[in-house]
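In the two complexes that follow, chain A is the common piece, with chain B as its partner first and chain C second.
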Partner chain A sequence: MAEFYTTYGFLITSMVLAAAMALSLYLPLMAGQLSLASPGFYAIGGYIAAVLSTQVFHPGPGPYPLYLVLIEMLVAALVSAALAVLVGVPALRLRGIYLALATIAFVEILRILSLNLPILGGAVGIFGIPQPFNTQGEYIWLGLPLLLIAMVFIYRLERTRMGRAFYAIREDETAADAMGINPTATKVIAFTMGAVLAGVVGVIAAHFLNTWNARQGTFDSSINYLAYVLIGGSWTVFGPVVGGLLLTALPEILRGLASFRFILFGILIAVGAIFFPQGIITPELLSRFRRGRQPGRPASGGQQASQTHGPAK
Partner chain B sequence: MDQLSSTATIEPVTPGGEVVLEVRGLTRRFGGLVAVNDVAFDVREGEIFGLIGPNGAGKTTVFNMITGLTPVTKGSVALHGENITGLKPYQIAQRGMARTFQNIRLFGNLSALTNVEIARHTHTGSGIIAGVIGLPRARAEERLTRQRALELLALVGLADRAEEKARNFPYGDQRRLEIARALALQPKVLLLDEPAAGMNTGEKAELSDFIRRIRRDFDLTVLLIEHHVPLVMGLCDRIAVLDFGHLIALGAPEIVQRDRRVIEAYLGEGE
Partner chain C sequence: MTLINVWQNILNGLAVGSVYAIFAVGYTLIFSILRIINFAHGAVFTVSAYFTYLLTGSAINTNGTLHKLFTDGFGAPALPIKLPFVIALLVGGLLAGLVGMLLDRIAFRPLRQRGADPLLTLVSSLGVAVAMVNLIQYFFGAEIYSYPANPFGNIPAAVNFGTADTPVPVRTIQVIIFFVAIVIVIFLTWLINSTKLGKALRAVSEDAVTASLLGINTDRIIMFTFFLSAFLGGISGTLVGVSVGVAGPYFGITYGLKGLAVIVLGGLGDIPGAIIGGIVLGLAEAFVPPQFVAFKEAVAFLILFLVLVIRPQGILGRAAVVKV
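And then the complex of A and B:
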């Protein structure tokens, strides 16, 4: 087991971070907003960690103290939140694919900025980010708690007043408005939550990868995160997590096929989208699972599994 | 009341309760089309006020302007003396106005219970963190929300199917669920857009009793759009008749029913 983890620790940590990023996309999607801004906030979080740990904090010899990583996370969360409100208020007036386009532009602007700001190391980026751990696999001690906290947070959120407001807007924004829910404020809250999570994941990723540059958190990764959510399932908190874990592991599992693995990976995603239009994890699947464990309790109506509903109506 | 002077049967407001809703010179243009033209009426506290007229007369547009869903081109709407023209729908809802929709707009993929719980949004205030952690006050609020929602579902006869998805309900039940959702807002004024559409004769009779009952039990003022003439005549205290965006009659059902212009415009068309 220890040997297995020595070999695969990097992969497993990557899977966990990918799952957390998928959740950062899922949060605005709960309120029906298809935002691809997550990689932008991820990049910002990474740069905050890189700059603070190489240029601001000077903890002296020995492993980099974890509490400083936590401070970086806090800074990243605050900066991401502030920027999310700033960007979200105008951007969330757009709907559907137009919001997706605007958020891609946001990611692109950040990329160009980071290439041209001297403090961020230009095209070379920032190297030698200090390590709190001896091996990359140990980053699971940061990644896994973060993922679990995010999952519990979202799972609980779905059962509160704000979570229901998210769903109301996802279902019918006009009706939600007429029921006393402020659509703009609610959408900005959902967007900001996703941004904060992405920023915090970026902090872990910067230390984990040891280096940070403008190739982190680009448009490509937006599409990957979107695939995690759509293939995993965009209707429950478990879908994006399963999607993120699975799709990150899949290219490695297929490694034996050399370059062909990318072709097979593409085919599997296409097939997955056809046979699981709602994603792998659906509310119906979960309620069946719960019904199996609690006999006698009626499942919350899932008779219409065949009727698909894209998240970005 | 000079805005009302030009037409045939427009009764001065019957003396009664305080004016709850005051509509003045309400006008809506869509491009060159004037969908609603200079419509004015008062609705008194506790009234059941009917808005009728042929298809395309502008009834739903009036509702949409009153609730803020459609911007007002000209004119004003006041609720309890406060000018609410130009406010956002959610702001109007927060001031005590709830509605249902002609083409049912439930949150289809959510359970009946959740649909009703959502409308308690403005009457709850727990913070996000308090709710997620489950602090005692947030828990108590959550329990109350659930309990109230279940009571409202019981009121419309859907308590035993609280966990079912709203989209799976038959048409009539969806209309009842929409009323339950609107009542969860604890409104002072309730707007029902064709509440009897798609109901059979028995259900329509029940609906009349039901609307009277909720008016009494929830201290409501009710505005309703309805096509089914016997229902409107039997239920409403006063009726406003729209034709091509104009208010052509306003008054008690017996009086409006005899109005020549109303008969020509609406009742004469073999409804």
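And then the complex of A and C:
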């Protein structure tokens, strides 16, 4: 087992971080907002970690203290939240594909700015980001708790007034507005939550990868995250996580095919979209799983769950 | 900025803008019919630049699988044909059009028939784009390819329209770009306004269900739209390839993203708007002062963001009526 983890620790940690990024895209999608801004906030979080740990904090010899990583996460969360509100208030008046395009523009503007700001190291980026751990696999101790906290948070959120408001807007914004939900505020909150999560993941990723540059968090990755969410399933918290884990492992599983593997990866993503239009994890699947464990439960519970959103209550 | 500089900037801006316009018309055609964005349009652009490169009889680098295939088959790492550039441009565009039809069959039609969420086509079209880009890398390698020095035959690469002291060079490729752009605009105007096919195209774009009830084969019209869109994307890919070189399998991505700015500026689905949007972006980029040249690439995305926030219907569009 330990030997297995030595070999695959990097991959497993990457999978966990990808799943967390998928959740950051899922959060605004819960409120019906297709935002592709996550890579932008991920890049910002990474740059914050890179600059703070190489130029501001000087903890002395020995491994980089974890409490400083937590401080970086806090800074990244605050900056991401502030920027998300700033960008979100004008952008979230847009619907559907228009919002997606606005967020693509946001990510590209950030990328070009980061290429040209001297403090961020230009095209080369920032090297030698200090390491709190001895091996890359140990970053699972940061990544996994973050993923679990995010999952529990979203799972609970789905059952609060705020989460219900998200789903109401996803279903019909005008009707939600008529029911007394403030659509703009609610959408900005969903967008900001996703941004904060992406920023914090960026902090971990910057230490994990040891180097950070403008190639982190680009347009390609936004579509990857979208693939994680849509192929994994965009109606429950488990869908994006499963999508992120599976699709990150896929190129590695296909490694034996050498130069064919990304060709096949692309085809599999297209095929996945065609054959799993609802995603792999659907609310129906979850309720069937639950009924299997609790035979006393009436069958109508599952029926009901398939019409409302999220797992059966 | 001197007057000469202004002329030079306008000339360069118009040339780049014409290419943006041709590319973006293809992009916006798909949107006008299907109300979705084809994220593989940038990959079609790339693939066609390589097709034309092959058709002009140019050689493949050793890193591409085609190098060995061609050397074994024809005794040289190139196709045994050497088409004149303008013919190769056209054939490359037609081949790209076939790729576009294939794209519809693989990534769009299955989802359409299943009535799936239109968002999924973003993912499926991007999946196919990833496969295409990696196929290019497999066959051609990742290097930069430059077209042969004199692809147009025995005519000078540029002619000076200024004086010896204040040169205003007009490159031959710029003249070709203007010519191709004008021919395409005339052809499209004729096709869409004066043919039965164009009428069917407009009907499907207005309302696909009603059009099919009236006996229009919508699937064939959509397929033709993909052909036309990819043909235009392909022509623009070759024109960029021949004027600045083919910068590897990924060089269409930038155009794919900037094209979004162009079609939003013109109003999504609006063909004349896309042409104007392309010219505007080309000119805007040409007039970025030299000290800010590093931020030139950001101009398109700044335009994209601002237009979406201020005027999402585009410069020519009317505000959409929100139906409840």
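In this text, the second predicted complex is superposed on the first by the 297 of 313 C-alpha atoms of A that agree within 3 Å, B and C clash if a C-alpha of one lies under 4 Å from a C-alpha of the other, contacts with A are read in each partner's own complex, and residues count from 1 in each chain.
Heads up, the rule we're going with is that a residue touches a chain if its C-beta (ideal position, glycine included) is under 8 Å from a C-beta of that chain, and two chains touch if they have at least 3 such contacts.
Given the structure is predicted, the values throughout are model-derived calculations rather than measurements.
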First, second, both or neither for A:Pro90, with chain B first and chain C second: second
Which of chain B and chain C A:Arg164 touches, first, second, both or neither: first
First, second, both or neither for A:Thr174, with chain B first and chain C second: both
Touched partner set for A:Arg156, first chain B, second chain C, both or neither: first
Partner chain(s) touched by A:Ala123 [first = chain B, second = chain C, both, neither]: neither
Chain B versus chain C as contact partner of A:Val56, first or second or both or neither: neither
In the superposition, chain B vs chain C on chain A residues touched: C
Partner chain(s) touched by A:Pro183 [first = chain B, second = chain C, both, neither]: first
Chain B and chain C footprints on chain A, overlapping residues: 174
In the complex, chain C residues that touch chain A: 36-37, 39, 106-107, 110-111, 114, 116-117, 119-135, 137-138, 253, 257, 260-261, 264, 268, 294-295, 297-298, 301-302, 304-305, 308-309, 312, 324
List of chain A residues in touch with chain C within their complex: 34, 90-91, 93-94, 97-98, 100-102, 104-106, 108-109, 112-113, 115-116, 174, 219-220, 223, 226-227, 230-231, 259-260, 262-274, 277
Touching residues on chain A, where the partner in the complex is chain B: 153, 156-157, 159-165, 167-168, 171-172, 174-183, 189, 298-304, 309
In the complex, chain B residues that touch chain A: 67, 69, 88-90, 93-94, 98-99, 101, 105-111, 114, 117-122, 124, 126, 128, 131-134, 138, 141-142, 145, 163-165, 167-168, 181, 185
